[in-house]
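After this come two complexes, each holding chain A, first together with chain B and then together with chain C.
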Partner chain A sequence: MIGMPASRIWNRVFTALAMAVLAYAVLAPLSSLDALQSLGMPLLTDKLWFRLATITAMFVVMASAWNIIGGLTGYAAFGNVAFFGIGAYTVGMLITKARWPFLLALPLAPAAAAVFAVLIGLPLLRLRGHYFAVASLGVGVAVGELVQNVDFRGEPLFGGASGLFLPILAVPNRDLYFFYLMLAAAAVSIGVTWAVLRSRFGYGLIAIRENEEAAAVIGVNTTAYKVAAFALAATLTGLAGGVFAQWNVFVDQENSFPIGYNVEMILMALLGGTGTVFGPAAGAVVLQLLIQFLSGSLPITLQIPFVPDDAMPVLAQVVLGVLLMLVVVFAPRGVIDFFGGRSTLSIAYLRRSLRETSV
Partner chain B sequence: MLAGGIYAAVGVGFGLVWGVLNIVNLAHGALVIIGAYLTWQMFAAWGVDPFLTLPIDAIALFVLGYAVQRGVINRIIRAPLLFTFLLTFGLNLIAVNVLLLIFKSDFRSVTTAYSGAGLELGGLVIPYIRLAALAIALVMAALLAILLSRTRVGLAIQAVGSDRDAAQLVGIDLRHAYAVTFGLGAAVAGVAGGMIAMIQAITPTAGEPYTLQAFVVVILGGLGRVSATVVGGLVFGLVEAFGQSIPGSGSVFANAIAFGVMVLILVTRPQGLMGRLR
Partner chain C sequence: MTSVDPQLELKNVTKRFGGVAAVDDVTFAIGKGEILGVIGPNGAGKTTLLNCISGVYRLDGGDVRWQGESIAGLAPFRVARLGIGRTFQIVKPFTSMTVRENVVAGALFGSDEDRPRLGAAFGRADGVLELVGLRSKADLPVSAMTIPDRKRLEVARAVATRPKLLLLDEVMAGLNPVEIDDALEMVRAVHQSGVTVVLIEHVMRVIVGVCARVVVLDVGRMLADGPPDVVLRDERVIQAYLGERYARRLRGS
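== the complex of A and B ==
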């Protein structure tokens, strides 16, 4: 390896590492199949593993989807959780009220989210900067509230505060089924990002991010592009919501419209690097594992002296907040910047990014 | 309607920080709740009259706000808006969870001898505390407006708000001006929090709705002027009261109505009810 820059060696090491982790994540669940278990294979997976892996894949979808509107188009959407909830409730309603089979209901989840995104995108995407960010946040909050509280002839239309209970899907190896379904959704999101970045559409979005007026001048139909990007993000997020509904078997306002998801998906995209293909996905994996670790859901947990166990989840949130601050202040271009060979992690880099943004 | 005073008080600090620093401070609700807990702590532990704790809230929150701005937020003030959003969200997360560690998630309330007393007005009882809160909010807003338009510090803040580089050229210490601005915003939030502690039960997570409401209030009134924010707060109080009076809806649609109004205003009149286009 003599003569090779250190950054490229690291680049290769991390790529290899990521491939190994990915291969394990994709193949390990197969060890839960009866045929393989009877062969006496080492037991690699259990309920907890599946839950964690499926949630992680779900966040890969959401972070990648946010990247399309937030990272590529530069519109800081803070209400994407509305699309997740709409996807979840679409599947939930079709299955519980209309008795549709899951696989028939699932395609309608992204469709409903996309239609909603077009409807609210047309007025909202006229706003810029803070105004768009908080207006979208308001939509996220308001949709969740409406879904829980709208009544029709005295009956809650969408299950109300008690939520919707879906029948358990009768498939062999349910855990495996939903993990691969969510993984497929994650693969689709990454693939879509990749395709967008290489298309005329993607260049248009980047032009809008860099300078919207200039983009309009060179002939980009900015309104159509922005709404399309918003709808694309909604489609993917709605898909994740739809899978989540049947996987979790229960949907209510709290698990379908958690405001915290908005920030988590943005932080993931930011941590990994916005505007890149794999960045948001990498950020989602790292941050989700960290969140689970801090809140004590992993088999390996942290023991800190003088801190009682029940205070750990609260402390985990404090750590998350501090982490958020450190990333934003010191590495505004995302941690992936260090692994891509563009810059190396050094005191000079940290000082430079600090100087660029401070007064 | 009287709740409008609280909304105005919460909104004024938020609007000041937003207008001058160009930061939407997602930790604003947390500052409000820190003020509320200070009042509760002083009342519960030492029996201090809650109204006397308000100036102490203001001073404590000013110091905290100054330090936070000087130490942390100043470092990313020139970053894209997403970063300031995330940073203040992180600050909010830290503040709320530290409060949770200290005070746990129990409901706390400040109940004084005169808590139930009120002014009877043709069958309506208007609690004195709410009236006083409205009066204090208006006085505080007026003081802030005078401070901004009549004193050297206030003029410096306004100069920094309208053109950062030009302000620096004429010798204004940007870091100090920013920190004072954020400190003032935090101080006003702290006083609002102290008043909230007297009116409703508080928990560490009770601040979040106030951040959103402050935003709506500032949008309603229009960014950049204290008086506009006060009007926004009062209008918001009315809209909310109106929303609660729709038969059958109870108070569950309060947020949805508030945001509906906000989106409507943003789309049709982005400069706010009283604002001027900048």
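== the complex of A and C ==
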């Protein structure tokens, strides 16, 4: 695997902890099955739990997908929310206008997002650094506006400002169904990252990130590789959008193209460690819990003197901004740096300097 | 001086930047298995010429032919796939990778012939590291490498792409005499493994040591082409390197 090993002890502690949390998150929902309920199994989850877990899994997909273009290839895409929205609207349109069944419509969500990524990737991926970041942000905003405002024969083509209402999917244990569907998407995203990092494709992407000119002269078709990475990120993000549409039953510009998602998915990947397999997923879980906690959606809420409750969502945004600054300045490679001792604020660095300065 | 079997042919190659011709009407050929030196003072157009061959620059005139077919205008990655490898004067390692991973990246891509799978690429990489003398440093991160070792790594990554022709851009620049001798040993080893080598150098001593044939460039034009002992006695070459006054004094003595 490409990348540096973090400190071993911390690695083990965190792996054990993560496995326990993961096992609980994956198995707890099963307690809501009728068969287990009738056997007297205590209910480990409720509506709120499902909502939170499904959203968290959704962000695991988005952060892992962003990692493929932003972390592995080194192209800071700021408009990936466009792929999410395109996925959501593809499912929304196919179900409401063409009356397709959900499971038939779902595969077309990632496909539509991937096609769009190839079309915009060919011109945009010629830009580097800030130019690519700004251009991709522009696309992300523009697609959302277009979807809301495009008319056809005087009628809004994609539902306009009132959005699309999907029929509720008739399946038993709907909450359970969508949680596992999103969880599967998250597992696929992590699995894809894992496979990419162990392939010729992955070596090519990292070579591009490290030095695009050197990558070209060793024979990497840089344009094709960058577009492929962008399309792969779009495929996964579009899949999350497609599942979201049917799960949420309602899609509009505001919930399918939220600009804030761009920042959040990048922050999650940065926080967890870009370029790694599990980093973005870990970042997504931690940050999503933090966002939900700060905005008061969790049973445990925070009371801060002089801050009224309805100001908490705003405060959440402020905390995210500050966190982004701290991560970028002190641990640019994510918490991996923090435990590997490569950040001056890290635990390992502190231990090392204490050892070196003690008499 | 062209050998019977020309592998790479440059025909009237010209590259201009604005009004300045950095490479001006350069014509010569390289035979299979040769080790050719390209020398010239600063700004002679050595690196520009190399960029013209490897596809980094588009030609403004002339043609580059590889095994009889024109490769002018091909993208750098296509040139690499045909079996032409190169290094950069200012080394460009993949810094987040280890030494071995850098060379594995080279082995995974490069020439279209005989591309290894990921597992086999590691084996190939170790062989190349052995050849350039970096085997013991294979697991080090690039950041822990000295400048001479980084230059070696640059060569190793290029050799791993299985080139038939290797263009080395000032791999000795910035090295001390002992390090230069080591590097020369490496270049000889690479050449003996069956690769045609073009050695671009600023330092004369290097060329005389290994090359049977030398091409001299000055302000984009070709001054001389021949064995080093003949070329280095050429008055125009001495003038280009040491100035007219020195050339006159040399003539007087």
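The working rule: the second predicted complex is superposed on the first by the 329 of 359 C-alpha atoms of A that agree within 3 Å, B and C clash if a C-alpha of one lies under 4 Å from a C-alpha of the other, contacts with A are read in each partner's own complex, and residues count from 1 in each chain.
The rule we apply is simple: a contact is a pair of C-beta atoms (placed from the backbone, for glycine too) under 8 Å apart; a residue touches a chain by one contact, two chains touch by 3 or more.
Bear in mind the structure is a predicted one, so any value in this text is a computation, not a measurement.
Participant: Comparing chain B against chain C, which has contacts with more of the residues in chain A?
Facilitator: Larger number of chain A residues touched: B.
Participant: Should A:I206 be classified as contacting the first partner (chain B), the second (chain C), both, or neither?
Facilitator: Touch partner of A:I206: chain C, not chain B.
Participant: Based on the superposed arrangement, let me know which partner A:L137 touches: chain B (first), chain C (second), both, or neither?
Facilitator: The first partner, chain B, only.
Participant: Touch test for A:V328: chain B only (first), chain C only (second), both, or neither?
Facilitator: first
Participant: With both complexes overlaid on chain A, does A:N221 touch chain B (first), chain C (second), both or neither?
Facilitator: So A:N221 only meets chain C here.
Participant: After lining up the shared chain so the two structures overlap, which partner does A:L103 touch, if you call chain B first and chain C second: first, second, both or neither?
Facilitator: Neither partner.
Participant: Let me test your reading of the model: by the given contact rule, A:M19 touches which partner, first (chain B), second (chain C), both or neither?
Facilitator: Neither: A:M19 stays clear of chain B and chain C.
Participant: When the two structures are overlaid on chain A, which partner does A:L124 contact: first (chain B), second (chain C), both, or neither?
Facilitator: So A:L124 only meets chain B here.
Participant: Look at A:A195 in the shared chain and tell me whether it touches chain B only, chain C only, both, or neither; answer first, second, both or neither.
Facilitator: Touch partners of A:A195: none, neither chain B nor chain C.
Participant: Under the contact rule defined above, give the chain A residues that sit at the interface with chain B and also at the interface with chain C.
Facilitator: none
Participant: Can you list the residues on chain A that touch chain C in the complex?
Facilitator: Interface residues on chain A, with respect to chain C: 2-4, 198-200, 203-204, 206-207, 209-211, 213-214, 216-222, 275.
Participant: Could you please specify the touching residues of chain B with respect to chain A in the complex?
Facilitator: My answer: residues 18, 22, 24, 72, 74-79, 81-83, 85-87, 89-94, 96-98, 100-101, 164, 174-175, 178, 212, 215-216, 219, 248-249, 252-253, 255-256, 258-260, 262-263, 266-267, 270.
Participant: If you look only at chain C, which of its residues touch chain A in the complex?
Facilitator: 54, 56, 75-77, 79-81, 85-86, 88, 92-97, 101, 104-106, 108-111, 118, 141, 157-158, 161
Participant: Considering the complex alone, what residue numbers of chain A touch chain B?
Facilitator: 70, 76, 78, 123-124, 126-127, 129-131, 133-135, 137-139, 141-142, 145-146, 148-149, 151, 263, 266-267, 270, 311, 314-315, 317-318, 320-325, 327-329, 332, 354, 356-359
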